[in-house]
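These notes open a run of structures that come right after.
The two complexes that follow have chain A in common; it is paired with chain B in the first and with chain C in the second.
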Partner chain A sequence: MAIAVAEKRRDSLGSAKVREAFVGYAFVILPLAFFFLFFIFPMVYAIYISRYDWGVLGPIDSIGFQNYRELYEDDLFLRGLRNVLVYTAFVVPGQMALGLLAAVVVNQKIHGRPFFRAAFYFPSLASSAAIVAIFIYLLNVNGLLNAILGTNITFFSDSDTALPSIMGLVIWTTSGTVMLFYLASLQSIPTDVYEAAAIDGSGPWRTFWKITFPLLKPGHFFVLVISIIGCLKVFDQMYIVSGGTGGPNYSTLTVVLYMYQTAISDLRWGYAATMGVVLFAVIFGLTLVQRLLFGRAEVS
Partner chain B sequence: MKNRARRTVLFGTLVASLLIAAVTAAVSQGKTDAQAAPAAQEVTGSIKLAGWTSGGSTEGVLLKQVLAGFAKKYPKIKVTYTALDPYQQNMLAQFAARKPPDVFYVDSNDFPDWAKQGLLEPLGPYIAKYKFSTKPFYPRLLNAFRYKSKLYGFPKGFSPLSMQVNTAMLSRAGVRAPTTWAQLRSVAQRMKAANIPAGGRPICLQPEWPRMLAFVYQNGGSLLNASKTRATVNTPAVREAVNFYIGLINDGLAGTQQQLGAGWCGEALGKEKAAIIFEGNWVMPFMAEQFPSVNYRVNRMVRNKQPATLSFTVSYSIAKASKNKAAAWTLLTYLTGKQGMGTWTSKGLELPSRKDVKLRVPGRTAFIQDAAVGRAWQFAPGFSKVMTVANNELTAVIEGKQTVNGMLAKVQEAANEALR
Partner chain C sequence: MVDKEAAPHVASIERLARGEDPAAGAPVGEIPGRGAGHTATKLLVYALLLALALLYFVPFVWSVSTSLKTIPESVQGFDLIPDNPTLEAYDEVLTEFNFARYAANSAFMATSVTLLNLFLCSLGGYAFARLRFPGREVLFMAVLATLMIPDQLRFVPVFQILSDFPHTSWNLDFPSVHYNLIGTYWGFILIQAVLATNLFLMRQYFLTIPKDFEEAAKLDGAGYFKTYWRVMLPLAGPALAAVTILTFQGMWNDFFWSLVILQNPDVYSLTVGLSSFIGQYKTLWPQLMAASVISIVPITVLFVAAQRYFIAGVTAAGVKG
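Now for the complex of A and B:
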């Protein structure tokens, strides 16, 4: 009897691992299948398409790397890439700073904390199209901002102010989401570290820079990666503000906007796929660099 | 023996019925030849119609009326209408899936690319078979749906750019509505001197080629040669027209819609920030709805070396992948026929593209007069990129960051690249 039980246990011990693995995979199989079908497969297929002159009804001509060669010399694509990099360079630090500030504020024990949390998060819930539509009114030449400043600036139709205006509205809109990520990260910092700092007589400013900020590193990494990816593929704000042209003077032309025009209006799906592949390579490369930087810092 | 007899009888009946069928078919064939479409009892099946007209709008109600008329005349064809938004993306997805609607709208601007990729059914054989007359259509509008000499659609309506003037402002300034470039400039100068309209500019001009090109055509210029093989952007006729258009803005005689705090020039007219604008038929329902108290009149487009304007038109076309082309053709010819178009244009939201459909809505005479000199907003396959360059360069010129010559050189280069 005892032997049988022991044997049975050994048996089940061996199969338990397998079963556990099996159950684990069973749980993720559906999302995994979804991920492969709608992300990995299209990605690989895009690389395949990018080597063709591909139209609505399929391949027209196999042209090797000619799309890539054309892209390399395409002024509009390069302008779009430049705009997107400038945009990312300003928006990412902007939304991180604003999001972190909001997170720290609503993490305090203040009155009406739920209200502020909701209020800061609220813009993220509204659709970007609605936000842009509102800003078009606010930044109109006869709009609120010009009335306050006493100026006549046509914010969205001057090539010097169009992109910065969009940056500003995006920073404001997205900081709520960033705040949410930082809030989760803030709450994972153990309180005893703060207690120790308080006993050592550290002020709030010093506590923030010496304790909170460094301990938020996983949060920083996550937010940074998500923000950079989000910024590099920006589309809707530019599309609405410029009416799809990327104007004035190419100032709101982005990679994805140009890709959209190429696919939807010019029906050059192979060339558009090429842009997608290159944009993917840029995003992948940047994420790798970040990973390396943050990973190395962790070791030292 | 009995069996054989039965078989003979059966065979005989079969032959007889086949004969009868053949004779009736031949008879009805003879009948349809005289008509524009197959006879009502012949064509059956259900087909899909797609457009961007939403069901709840005034246009949507009109379309429903048109389709009700069709159902009455052809009770055996069932038509399902779907409004697609965004239209192009949805249509392209359906084309790619090989399941496009049978009949659908095609914007003249999208047409060259759609035709080039083989998405549309050429209509020539049907026109010949059913002896459909294309004569009533304005030739320039019909030709907008011709690609490499084959016809792929019939215009369902159109609107040219004409001139709208605020009559009160003009009479306050003591000027008459201009008809030429020289008059336009002098009228604007006099109005500006009199500070009319206050806080605005006499003219509103949109900084984009879909408006400026009308002036290029008036000056005898164009973007492409007649056979669409070569760019003709960087030429004196175009340069002169662009200089005139931008000169009006730079001299403060005209403002862009943004400078006037409006979304488009129609809104600037409504807000009385501009007295003269160049827009299409769509300005009329807009003004009636949003600014009913503003008095304005539609005049013919100004002219310079020749009268000319831009027309915006949309066709009904048949999908090459349609499985019921006889029914699709029947629907197409009804929608663009005298009866269907008569209902569709009865409120003047779109103007009839057939000369034999009379418009009963007042105030649109100038549009109809301009129709004869209107050229469709359309170029060649791959031109959306050229327009991106052209419109961006134009905004740069208006900001003073690019010269007119620099812009024309860039547009010429982009156009030639697209034609290659």
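Now for the complex of A and C:
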């Protein structure tokens, strides 16, 4: 009798488990179907076609690593890569410094903190297209900036100034987002550390460099990796400023812009996919480093 | 459970759920016994604040001002207040230059993608958080892995799939009808219907909800779907709000996929419309500024209405590309 009851219970427990599993699959099948069709499959497929000479009509020839070798000697790709690296080298420190400055200032005991925080974040709300439009206006030959400087520089149509101008506008736009990350990071510094510093007679300047800045280390690293990744993928601003050409004189050509041109204008899909794979390898490596050092949170 | 220093991710949404400010920072306290230095610091801080605020605001103020001017006035000088403020540029941009259409397109696509993500990601997120089934961890790892991969990797294949949907590269002729989704809303909506960030956010949030609620529902005889729909969804308000805002803003402001997929002026989004306007009529300043203002205003309204959710969502998901 007792055994029969126990077995019956185990049975119903077993069927409840099976039922739960079925419901689980039923719940995830639709989201995962979309996800596999439009994310996982394309990503794997990109690596596959990168090894083909592949045009609109499909695979022409399997060419092994030929596309990768061509990339290595492609002057335009290398030019785009160089532009992106220069861009990253300036934009990342720029947006980190400005974002940190804004965060530290907003973090003080002041009147109107929510207002100032919103004000600094405001440019991050707008689309890249709208921001570029506004800057094309402000930086035009007869525009506000030239009037202030007393010059007549054609910022976006001179190959010496086009890229630096874009760097400036991007630093200005994204520093608000960086500020938010730093604010979240500042929250994790316990207040008694500051109190101890104050008792020791440490001034605000010293407190910042000796205490706040080093304690923000996880925040610095998080922002650094995310900024670098964002910079390596840059496309919108260059496309809009140059009308898709990467001009003047290839000074605003980027890796993603060249990839876009290769796929959409030249219809060389295999070669464009190769650039995607290279970009992926670099970014994946960077993210991996970040996850290994700081990323235990993902799988709770 | 969550290492907060490492990941502002869910921490900020959790703070939000507790009714706290998601990114308030922790204001540094007064420094006792340092009166003179204190005042000097305060002055410096306010000076910095004002300088920064000016730096961030001036471009926007200027573009609004110019959008209210006539073309001759816009190239004459730098008066901030227009002589005869007029909405002519807005009228012209909305009708002649088709921006009313572009705005409607953007609104339709952003809303569709947001609704799809709200439903599909909360459904999947709930299953990944709470229901046990074989392969759950592996499948979720696959979703997580794509968070580390740049979206541009899927650019060429997605373009191929959409231009001949369903894809026929394997020479299968089933189904026999294929659609070219390039130049349609549907291509844009389909490829963003389930975003990994949202699935991840929803799962993490469901994990933080105590199991008692579901057990109570189970005792009342509620099935799995009813428990999800009637019990869990109402409890996930802050996460749903963050997903809504993050997705809507992301889609409204998107440029890359819009440019790749919406190759047809009838379905242009605002951003692609702006880009093409810049290419053709660069120096119609009042019109250009009016178009920019039109694209910024809806997001600003959303921000003012739901600032807390906005900030939590952004801190949770990372900087946009």
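The working rule: the second predicted complex is superposed on the first by the 238 of 300 C-alpha atoms of A that agree within 3 Å, B and C clash if a C-alpha of one lies under 4 Å from a C-alpha of the other, contacts with A are read in each partner's own complex, and residues count from 1 in each chain.
One rule holds for everything that comes next: a contact is a pair of C-beta atoms (placed from the backbone, for glycine too) under 8 Å apart; a residue touches a chain by one contact, two chains touch by 3 or more.
Quick caveat, the model's predicted, so the values are computed rather than measured.
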item	value
Which superposed partner A:M259 touches (first chain B, second chain C, both, neither)	second
Partner contacting more residues of chain A (chain B vs chain C)	C
Which of chain B and chain C A:G55 touches, first, second, both or neither	first
First (chain B), second (chain C), both or neither touched by A:F120	second
Partner chain(s) touched by A:E20 [first = chain B, second = chain C, both, neither]	second
First, second, both or neither for A:L138, with chain B first and chain C second	second
Touching partner for A:P248 - first (chain B), second (chain C), both, neither	first
Partner chain(s) touched by A:P93 [first = chain B, second = chain C, both, neither]	neither
Intersection of the chain A residues that touch chain B with those that touch chain C	140, 142, 264
Residues of chain A touching chain C in the complex	17, 20-25, 27-28, 30-32, 34-35, 37-43, 45-46, 49, 58, 101-103, 105-110, 113-114, 116-130, 132-138, 140, 142, 144, 147, 172, 174, 176-178, 180-181, 183-189, 191, 194-195, 198, 203-204, 218, 222, 226-227, 229-230, 232-236, 239-240, 243, 256, 259-260, 263-264, 269, 272-273, 276-277, 279-280, 283-284, 287-288, 291, 294-300
Contact footprint of chain A on chain B as seen in their complex	88-89, 92, 95-96, 98, 110, 113-114, 116-119, 207-208, 256, 258-261, 381-385, 387-389, 391-393, 395-396, 398-399, 401-402
In the complex, chain C residues that touch chain A	1-12, 22-32, 34, 37, 41-42, 45-46, 48-49, 52-53, 55-57, 59-60, 62-63, 66, 75, 78, 120-121, 123-124, 126-128, 131-134, 136, 139, 141-144, 146-161, 169, 190-191, 193-194, 196, 199-200, 204, 207, 224-225, 228, 249, 252-256, 259-260, 270-272, 274-275, 278-279, 282-283, 285, 288-289, 291-292, 295-296, 299-300, 303, 307, 311, 314-315, 318-321
Chain A residues touching chain B - in the complex, by the definition given at the top	55-57, 76, 140-143, 154, 156-159, 245-250, 253, 258, 261-262, 264-268
